[in-house]
Amino acid sequence: MGNTFGHLFRITTFGESHGGGVGVVIDGCPPRLEISESDIQYDLDRRRPGQSKITTPRHESDTCEIISGVFEGKTLGTPIAILVRNKDQRSQDYDEMSVKLRPSHADATYEAKYGIRNWQGGGRSSARETIGRVAAGAIAKKILKQVANVEIIGYVKRIKDLEGMVDPSTVTLENVESNIVRCPDPEMAEKMIDLIDQTRRNKDSIGGVVECVARNIPKGLGQPVFDKLEADLAKGVMSLPASKGFEIGSGFAGTLLTGSEHNDEFYLDETGEIRTTTNRSGGIQGGISNGENIIIRVAFKPTATIGKEQKTVTNTGEETTLAAKGRHDPCVLPRAVPMVEAMVALVLCDHLLRQEGQCGLF
Amino acid sequence: MGNTFGHLFRITTFGESHGGGVGVVIDGCPPRLEISESDIQYDLDRRRPGQSKITTPRHESDTCEIISGVFEGKTLGTPIAILVRNKDQRSQDYDEMSVKLRPSHADATYEAKYGIRNWQGGGRSSARETIGRVAAGAIAKKILKQVANVEIIGYVKRIKDLEGMVDPSTVTLENVESNIVRCPDPEMAEKMIDLIDQTRRNKDSIGGVVECVARNIPKGLGQPVFDKLEADLAKGVMSLPASKGFEIGSGFAGTLLTGSEHNDEFYLDETGEIRTTTNRSGGIQGGISNGENIIIRVAFKPTATIGKEQKTVTNTGEETTLAAKGRHDPCVLPRAVPMVEAMVALVLCDHLLRQEGQCGLF
Amino acid sequence: MGNTFGHLFRITTFGESHGGGVGVVIDGCPPRLEISESDIQYDLDRRRPGQSKITTPRHESDTCEIISGVFEGKTLGTPIAILVRNKDQRSQDYDEMSVKLRPSHADATYEAKYGIRNWQGGGRSSARETIGRVAAGAIAKKILKQVANVEIIGYVKRIKDLEGMVDPSTVTLENVESNIVRCPDPEMAEKMIDLIDQTRRNKDSIGGVVECVARNIPKGLGQPVFDKLEADLAKGVMSLPASKGFEIGSGFAGTLLTGSEHNDEFYLDETGEIRTTTNRSGGIQGGISNGENIIIRVAFKPTATIGKEQKTVTNTGEETTLAAKGRHDPCVLPRAVPMVEAMVALVLCDHLLRQEGQCGLF
Amino acid sequence: MGNTFGHLFRITTFGESHGGGVGVVIDGCPPRLEISESDIQYDLDRRRPGQSKITTPRHESDTCEIISGVFEGKTLGTPIAILVRNKDQRSQDYDEMSVKLRPSHADATYEAKYGIRNWQGGGRSSARETIGRVAAGAIAKKILKQVANVEIIGYVKRIKDLEGMVDPSTVTLENVESNIVRCPDPEMAEKMIDLIDQTRRNKDSIGGVVECVARNIPKGLGQPVFDKLEADLAKGVMSLPASKGFEIGSGFAGTLLTGSEHNDEFYLDETGEIRTTTNRSGGIQGGISNGENIIIRVAFKPTATIGKEQKTVTNTGEETTLAAKGRHDPCVLPRAVPMVEAMVALVLCDHLLRQEGQCGLF
């Protein structure tokens, strides 16, 4: 009952890491948008495991098929179903996990809630579920770009204690994609890659922070009081696997300032538009976009599945230890970048459609 | 369109800071729960302005009336409408604000979105809107308490850089209410009160962090993949006025650990129950409660409306300055405590009802 | 959990027939619409009991108060809460009903479902609940009128076996309001009034059919495949008390024709617009409005509460008889007219807002 | 945005008649239900074109694949995605329809709304879309059967003016399936088959009425005031292609009775259960099931696409004529039976889950 996200641009994802496949149904995509599998595949490839030496070595091509909703290259206004078949299924690596619960993973809670789980890999709790989100996010990005020239750029801001210097108002996709860790600070990126690589060899994992900026945002997006733009953004990214924190604008650090220091003073730009001299608000005031850049940060914990031995229990109630066999992802951050971008795009696209027509009638 | 929160325990709030009143309609409250105005009034009084020298001096009694849904002291299973009339309306203080936009307030974005706003006070963006949430939250707390003995306790964890030491597993409501700043660390509370008082005299404002713990949580609450418990908690508290950040469990600090340091190892307690030795997960794994304490933190920025002079513009497009007259709240944190508790209670109660009956059929 | 209707123009009603009052919260009303209590009161008066000799003699003024969402005569885009206080409470008439279940009324099912009910009158199942719908419907009508000149006119088509002759393409509100039974066929109206009056004297009740036409409908309203316009209309009117059937266009009678007889052939009118020569479709094809008049019919059963003695049981499990004391409504049809209009207006207004902006982007 | 149905048992269908395929995602199916493709295939075969001489000759095997949500033969509690590939694509038959709008079909309204349509067959408005509903309905039926022994049996009640005699309290699936028209009155079934066959030879089409009974219904299903059981049933079946009317219990005919004739008097059965002597209410009072059989009727118009020549226009604005080539369905009623059953099952299953846990807490 919790597999749908959005109101007017509404996605429903399905699929476990093992089984027939994973995918998404997008309901509410406006008609006559040009779209093809290749529009989607780019972000799927950025999300894909095995894309570099610092991600999980699980090799999946993650090729998507558009099942419905597109005719002669254009959207019909009907639901767009996208399917990615599962392929690389070495389930023998998971045999141990059919009884042993991985610490800080969803094994135990799924078992407690549902009384059943697909123990081959993470099942529904696998990051593989995000394929549907990323596919839908690619379409949302395209809509936002065409309608309002909105640009959404995510990047790795911090890996463990290694923090990059990035200017959110100028960073480009090319900067982000210039290295495999997706940190647009080239020097720090090198260090991050080394740290991840070393962590992988230690059979351990690390986390960090993804920052995401959305530029050229129309004023007026967001629906107070519960569907405030930052509230929906928070929900979106906090529903990603491994996320533990969310900030907008000044975030937690902003609590160290006084009001007179923190407030974004207004001025009129050369076109007479109301702007703010600073952007501690992160582009949103009172739950509604003010036209400045939207800037959020998401904390991702270190991946739960590790090769190191840990204490745990079995689902039949015995204490034991577990050292995960085979593949595991030392750091999800580089792959989390397109996931965060997708959630931001989905929220913004939904609110763009909600804004349209609602406030311009009288 | 964004004024409803929750799926099975669903609230809709209404009302501006000025006008007939504010309130809430609660749909989905189970029948036969004993409820009266006094159950609700306690938390409304904790949220009320003018309750102490460190909050806004706006004096409002905020007396609630249950309009519907209760018969002979018990809920009917029908919608519970609760109304609080507006009283203290010194709108002449707001005359200046009918043209001048308060920096970092919602004035400009409401104007941009709706082309109209109730400039008497914050209108819909006023913290006064949270009366409906707190009233509904009081009922949600009562349900959670009766059904599963759930305890929800919020408190001020930090004011600016003054951080209290609090043990979330033992803190009580009495501890919290023992001082006017609602920080259960008595020594630090004194310092916080002094700092707020001094800030008030400076015509400035400060922010901080509210922490909230929910104890005795049944296992299995939460609906992957989008309605994960932490995602709904994040949305709930990030929809509160002035919130800028959300964390669960280890939060942003958890990104500094490795997986082997961060993972919560499992063990079996004396009753054979699966427990975790640590709780960096904050009581939720894979979006589903694991029975450990749920612990979240919310960052609140310093209040936007201050007495100090600031640069701003008018809604007719002229640059000017503004120093807010009369009352203003130097620090929202003490009053934010019941607001955070309410949102946590609303989310947990909704998921409690969603869990019931859905997973126990076969 | 079922007290909300609509997606973008979304109403939540509350209140029992006895207690503090009844009302509605409207979320999604566009800003800057001029609105006042008098806009709403007209339809409330048409719905009001005691308005004529052929309705229930229960005397209630049903005066509405707009609590929120309107500022200086215009909507703010925030929730509009409307409250009507309960007044005429002769609950001693209901004492018997605290134990005896009225046949074909909701007493027994509410008791079975909730284990509690407000036995003073119908409680939540009372037609009094429709006050909130009619109030919201009045606003929806005003929006539709201003945006697209849509006219919604309901009328009594049939009372028992007395059927009026009415041309839906020309009937006016004045025609409808020219007699107390709201049948725009004056001769048949006389007969209907006589029949209702005689039924009232017999301590019995009768039902009939309300027809409703909506004219000047924009093409393109409706959201396949589940939120087809006729599906939402059906749900709307079938949620009214005492409704037992719904038809659109040719309805049940249309099943007696062949396809070649039933199909509405297309032609081009003088402006080049695609029109249909007949309108057996009732203005909707494939769930989407085609610009022709939308015509629906709703069957209302005879009122359940009657003065005649009937066999029944008590809620403590004894067989008994019941002859309802005091007031009862011999025929709900005249008062059902504004209820049906309201539901039609609510559905159309919701779909108008859903249509805006969704299909015009590319 | 209108492709999702249900709240707790929630389905989203996708797919056009031509393209990759059609299907459904079911969210909210309880875990640990045994389910396989064969459970679903039975009803898909009853819905399938080409199943007999009186349906459309379009030959499609409509073989379903469960993509997700099932593991080792049991549901996981995660979304169940079901896909049926499109096969029989003789799109040259549709070439003419790329420009000519079929009278009383959805061609013109889709074109008006979306500015684009898949003119190969009905696209999204095709009855082929109902595959997803029927597949989900099969699972809903299984849940209802296992949890409460609910039986849902639909049948053809009337074809044009040929009406069968059927006792809804005793009719069986075997009775229904004993002939190709699915009317459990064998003599009338013969006449119906002859009439349909003759109509097919005339290149014309006919409609009729499907009746559906649901037996062994738990008391208490339904959520007043908008999500009344009959309101959701009405919405469900009125969203089926070609439906023009809905009745519950006494329906339109009930309006010819007086209240004293129409009311269902209560009595206590041998077990002390409150029952009604008659069932003009159709199993629902005040929007809530009373435990008696739920009986509804749905009017289906004659199929719009016919071989006879009709006047129409092109989408480029010229008047013309159209005689549909090749295949067409002379009467949708036999295939509509599983569709109606599916919608009834989906509504009941959704309300069963909504009822669980909501009213039994205190």
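A, B, C and D are the chain letters, set down in written order, and residue numbers restart from 1 in every chain.
Heads up, the rule we're going with is that a contact is a pair of C-beta atoms (placed from the backbone, for glycine too) under 8 Å apart; a residue touches a chain by one contact, two chains touch by 3 or more.
Because the structure is predicted, anything quoted here is derived from the model rather than measured.
Contact count check for A-B and A-C (C-beta pairs in contact): higher for A-B.
The chain with its C-alpha centre at the largest distance from the centre of subunit D is B.
Separating the CA-averaged centres of subunit A and subunit D is a span of 39 Å. Centroids of subunit A and subunit B (each the mean of its C-alpha atoms) stand 26 Å apart.
Rounded to whole angstrom units, the spacing between the C-alpha centres of subunit A and subunit C is 45. Along subunit A, residues 1-4, 7-8, 13, 28, 31-32, 77-78, 113-115, 124, 224, 354-355, 358-359 each make contact with two or more other chains. Residues 7-8, 28, 30-33, 75, 77-78, 143, 146-147, 224, 353-362 of subunit B touch subunit D in their complex. Subunit D contributes residues 1-4, 7-8, 10, 12-16, 19-23, 25, 27-28, 31-32, 65-71, 74-81, 83, 113-118, 123-124 to its touches with subunit A in the complex.
By the touch criterion given at the top, residues 1-5, 7, 13, 101, 103-110, 112-115, 124-125, 129, 158, 160-161, 199, 202, 204-209, 219-220, 222-228, 230-236, 238-239, 241, 243-252, 254-268, 272, 274, 276-277, 280-282, 284-291, 299-306, 308, 310-313, 317-319, 354-355, 358-359 of subunit C touch subunit D in their complex.
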